[in-house]
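What follows are several structures.
What follows is chain A paired twice: with chain B in the first complex and chain C in the second.
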Partner chain A sequence: MRTTRYAPTTCARAWLSLALATSLGLTPTAHAAEDDKARITELEQKLDESLKMIRELSNKVEALEAREAQRTSAAGAAAAGTAAAAGTAAAAATASAAVPPGPANPTPTAPVGAATPGAPPVVGPPAPADTGARLTHLEETVSQMANAPQRAEDRGMAMHGFADVGAGTHNAQFPKYQGADIAELDFFLTPQLGARTRALFELNFEVGADGEVGVDLERAQIGYQFSDSATIWLGRFHTPYGYYNTAFHHGQWIAISLRRTRFLEFEDHGGTMPAHTVGLWLTGSQRLGEQRLTYDAWIGNSQRITGGTIDMNNAGVTAGSTMFGGNIGLLMSGVLDGLKVGLDAFQTRIENQDVAPSQFTQVQSYGAYVVYDTDRWEDIAEWHFFDNTDLTGHTGTHHSDAGFVQIGYRGGRFTPYGRYERGSFNQSDPYFAAQTSGNSYDREALGVRFDIDLSSALKMEFAETRYTDRYLTRYGEALLQYAIRF
Partner chain B sequence: MSRIAPKLLLATALFAGGAAVRAADLYIICNSQISLDQAGVRELFLGEKQFVGALKLVPVDNSAAQSLFLGRVLNMSAERYSVAWVKKSFRDGINPPGVVGSDAEALASVRRIPGACSYVTTPPATGVAVIGRL
Partner chain C sequence: MLAVLVVTLWAAVPTPVSASATRLTDLPSTWVDDRGQPFDLRSMYGRTVVLSMAYATCHRVCPRTVDYLRRLQNEFDSRGVSAEFLVIGYDPDSDDVAAWRQYRRTRHLTRTNWHFLVGARADVEQVARQLGFEFWKMDQHVIHDGRVVRFDQRGVVVSSDTVGGL
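Let's turn to the complex of A and B:
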């Protein structure tokens, strides 16, 4: 039942002022622990803005009151004329004005003041429904004024970015260098193209093994979302094996650790797995009771090896080979909230173009992963096994494996972490033998991430790496990284 | 003295505001009547759920009630929520929810945008569907 809930417009002004004051009080509460002086300055600015807003609203209310007065005056004059002509009609109209709107009388009746010609009209309180509409309009006006730069539907194309620089006894990716280094500047675009069409582009400026800055379109994918359970992408994407390769991308700020594991590095940074695929990727998730099942299935161009490095064949393949694979995971909830387990597999045929004629290897990989990601912990274990068949030299099938275990604990702004990683690559396998970084190794690392604020982090890592077959050497590293997002 | 008075006023408002948030009910509101349980609301605001049938959902964060919402529904800190969206956006190419600064703005956004859902601490008036109260 609709009742008279709204006070007169003078009270409405007070109500709005109170609402603004309350919102002013509520807004900064979540951040009150930050620097007091900056907060007080900011709050004072907000107070000034709010006072300005209140003044503007007051002006609007006064303008509305003036319009209402004019309208009432005109109505009163008309009613007076009617009363003069029809005697008792004015009394009936006055009586009807006292009836509050309700189901039996849903239309608010304009108050009639003086039935006597020449007397000033008496403007009564506006009818509740009318006032409610005005308040709704004013709320929207406040919203538009206060929040115009970030209205939800007006964001247009969002661009984000990451960057990091560092220093150390070795370069974190290319150990032959030492001293200070710039690593990458990564731009990330997610234009909103409609309810179901999605796009994702990642343009990365990075320093390569030759010490020069290069530009790479790390990801360029356009997708169509059929439902929550299925999105199909076409383009260049991160090959969805394991967990790490799709959870963490080029922006190092996003990761707790200072760098990716060596075997999961990107191809041009010494990675030994095909980190990118150009092709078609179907991905989605489905609730299974309280848990959530995630899946990925993909098919794309097979990779090649050129210059000792894996290349993902951006323009297409010449030898007509494909890569395909799948990944299935289960995301837990309840007491196991944050836990994810999964399995993956893929197969591809790699052409080594560094020898003539080209050599071909059929790469088959199977992987498993366990992740525990909560407010406090980020623990990841991931392992991959390879059964690669030499299709050219007919040396048979070669077994290799690589994996890592990482434990990170978020203790406020400090996140210490430790990681052990290992790559045991059969050097008789032409796939690993052809890669510059295809030697076996193991590495232990201890580090700490310090979050300076929500957008920048300083990381330190001490690591020791041992090469165990092609080269027999070891080296220690002390690394520093300053990583940001924007 | 002239600078102390506003600070005291602000401190009082902050204290009162904080107390109000802690004691308040939380209303999950949507542009139209849709069926979402608490897990569904959680998935909506974490980017896992984007459709109900053919309707595209548009989550809208209300910073005035966000700490309450994160604690009661998502069970995560503001920092983790932010990082979760950075990761989600980076992986899946979807943008985090838009942000409004008050219940009134949340109501206005939800009324205006088809498929929009948000949360408020004051009992909402007409024009939105309350799909949950926590």
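Let's turn to the complex of A and C:
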């Protein structure tokens, strides 16, 4: 635990931002923030000077009044004469206050009363009522300026992200490699827009199957939040089938496990399902008493297979087809708190562009999931079934399925987990047959996540993978990953 | 690609979070508590206040923050100090009154001096900014650290503790 005792204002991050902005000749926002700080400091200095001056003038008035009272008392003067003298002194004080201290009007450094022989000791009398009100107003203004909500344009764009590196007997995504690897550097941009407009961009630098680093705009979605229970997004998003694909994203730090299941991997990492969709997505949740109903409905570009990999058609489709689906879930409460169950389905037409002429397959998928997520447990079971129809070769409808069960136990810094996953893909189905990773397999994995601190974790996993149809082989893996968020 | 990386790294500098001392009365005052009742933060003036932020489906950081608050409560009890414990929800979209009520029930947080507060998104963001709670939302996740801020009876911040440390 670290304890921060508040000290005056300096903020290292602000200086860092300022230095960066200055060096790049950019970000008026940082300048604006510094201007405000400078103004506040200046106002505080002026306030201090004013208080000092008021105190000194009050002392002067007090001394003059005392002297006048002594004089008039001795002379037996009338009370009216005393009042006139006090009025003169007050007028003089006001006039003096209007003149700033300077060489021609030096500010005295000691209380007048103390320097006047015979005068009574003077100890900071209260300022006149109108001056007090002005001071209060000034204090409030300074406080408001210091605590005013920053305008969005002053805050700049918040940006965060994830990164991970690793080592192992195989690369976690591309098993033909072994040794040390860099996996990804994932920047997450969430610009602050209006009260209801949302935006999300995910820019990922990642190693691909060829071993080279590439850049991918993994998500680019702009949305409008109608209410707490409905947001509509347009752009490229994670296809909301099942649970895992929208609960966990590219940053591996967020997940307990070291990697996604093989069939749920992203397309360019060997996934066999369309992990991204470019289109329109309506999502939200609604209370049903103590339970919460979650829903998703989406429609987007149909997808294609090129180079043995699914592609989400970022630019749009040429064959004029769509992909659409829905997902409905129920979050329980009471004794079932932490339990979520759900169903999903989607349909699309996939064009295989690796053959000429292109082949088309109608993909229909149905899924179900059960999740138990509490302070102690993160258990997920998710299964998908496919009934895909060969639209070109007319070989009929082919059934396949894939799923996994994962159990994780949060035990402080250590979170051990185990997972079983399986993909049983019909090789007569042109959708799976056309994909490089479309072979059937099963995998068992045991691993542990160790949280080094709140923003970094070390993970270790031992896994055994078996390929069961297109290739008949098996391999074991010992994997290490260092994942962070920032 | 290098240019993209340079621009990205420049933009990646986190937004500065204000760490200037803030009084309780400077914070947005209008909230709703986990009983669904209006809660005015100004009503806490004159009392020792312990304030933190959390979200109900957090299973990594917030449980540790709540444990820390429990220990703090025990410490106060043993010293005979009374204090109000406020937990403000990071995510008003999903952390509504019912969510916090459920949260208290399942974690046996029954003390009446504990208040789980729901507010407008802008107010939540303002409190976070003023008190130095840095957070960002990624889909249904709220990425954040653990922090507990203490105010004295004059509503002045006396300490800000980073908790949830492992």
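Following the convention adopted for this analysis, the second predicted complex is superposed on the first by the 330 of 486 C-alpha atoms of A that agree within 3 Å, B and C clash if a C-alpha of one lies under 4 Å from a C-alpha of the other, contacts with A are read in each partner's own complex, and residues count from 1 in each chain.
Here is the rule we go by: a residue touches a chain if its C-beta (ideal position, glycine included) is under 8 Å from a C-beta of that chain, and two chains touch if they have at least 3 such contacts.
Note that the structure is a prediction, hence the values are computed from the model and not measured.
Trainee: Taking the superposition as given, does A:Gly223 touch the first partner, chain B, the second, chain C, both, or neither?
Mentor: Touch partner of A:Gly223: chain B, not chain C.
Trainee: In the overlay, answer first, second, both or neither for which of chain B and chain C A:Phe205 touches.
Mentor: In the superposition, A:Phe205 contacts chain C only.
Trainee: Once chain A of both complexes is superposed, is A:Thr190 in touch with chain B (first), chain C (second), both, or neither?
Mentor: both
Trainee: Regarding the shared-chain residue A:Ser333, is it in contact with chain B (first), chain C (second), both, or neither?
Mentor: After superposing on A, A:Ser333 lies in contact with both chain B and chain C.
Trainee: Answer with first, second, both or neither: which of chain B and chain C does A:Glu56 touch in the superposed model?
Mentor: So A:Glu56 meets neither chain B nor chain C here.
Trainee: Look at A:Ile452 in the shared chain and tell me whether it touches chain B only, chain C only, both, or neither; answer first, second, both or neither.
Mentor: second
Trainee: I'd like to know which partner A:Arg287 touches here: chain B for first, chain C for second, both or neither.
Mentor: Both chain B and chain C are touched by A:Arg287.
Trainee: Considering only touches as defined above, state whether A:Gly161 meets chain B (first), chain C (second), both or neither.
Mentor: After superposition on chain A, A:Gly161 lies in contact with chain C alone.
Trainee: Once the structures are superposed on A, label A:Glu464 by its partner contacts, choosing first (chain B), second (chain C), both or neither.
Mentor: neither
Trainee: Can you pull the chain A residues that chain B and chain C both touch?
Mentor: 24, 26, 143, 146-147, 150, 155, 158, 160, 188, 190, 195, 228, 246-247, 249, 251, 254, 285, 287, 290, 292, 333, 337, 375, 451, 454, 485
Trainee: Taking the complex as given, what residues does chain A use to touch chain B?
Mentor: Listed in rising order, the residues are 19, 21-30, 32, 40, 43-44, 47, 132, 136, 139-140, 142-143, 146-147, 150-153, 155, 158, 160, 188, 190, 192, 195-196, 198-200, 221, 223, 225, 227-228, 231, 246-247, 249, 251, 254, 285, 287, 290, 292, 333, 337, 375, 451, 454, 485.
Trainee: Sort out for me which residues of chain B touch chain A in the complex.
Mentor: Chain B residues touching chain A: 6-7, 10, 13-14, 16-18, 20-21, 39, 43, 48-51, 56, 58, 60, 63-67, 75-80, 82-83, 86-87, 89-95, 97-105, 107-109, 111-113, 116, 125, 127.
Trainee: Considering the complex alone, what residue numbers of chain A touch chain C?
Mentor: So the residues of chain A in touch with chain C come to 1-6, 9, 11, 13-14, 16-17, 20, 24, 26, 33, 143, 146-147, 149-150, 155-161, 187-190, 195, 203, 205, 213, 215, 228, 246-247, 249, 251, 254, 285, 287, 290, 292, 333-334, 337, 373-375, 378, 410, 412-413, 451-455, 485-486.
Trainee: Chain A touches which residues of chain C in the complex?
Mentor: 1, 4-5, 8, 10-22, 26, 57, 59-61, 63, 68, 92-94, 96, 98-99, 102, 106, 121-122, 126, 129-130, 132, 136-141, 143, 145-146, 157, 159-166
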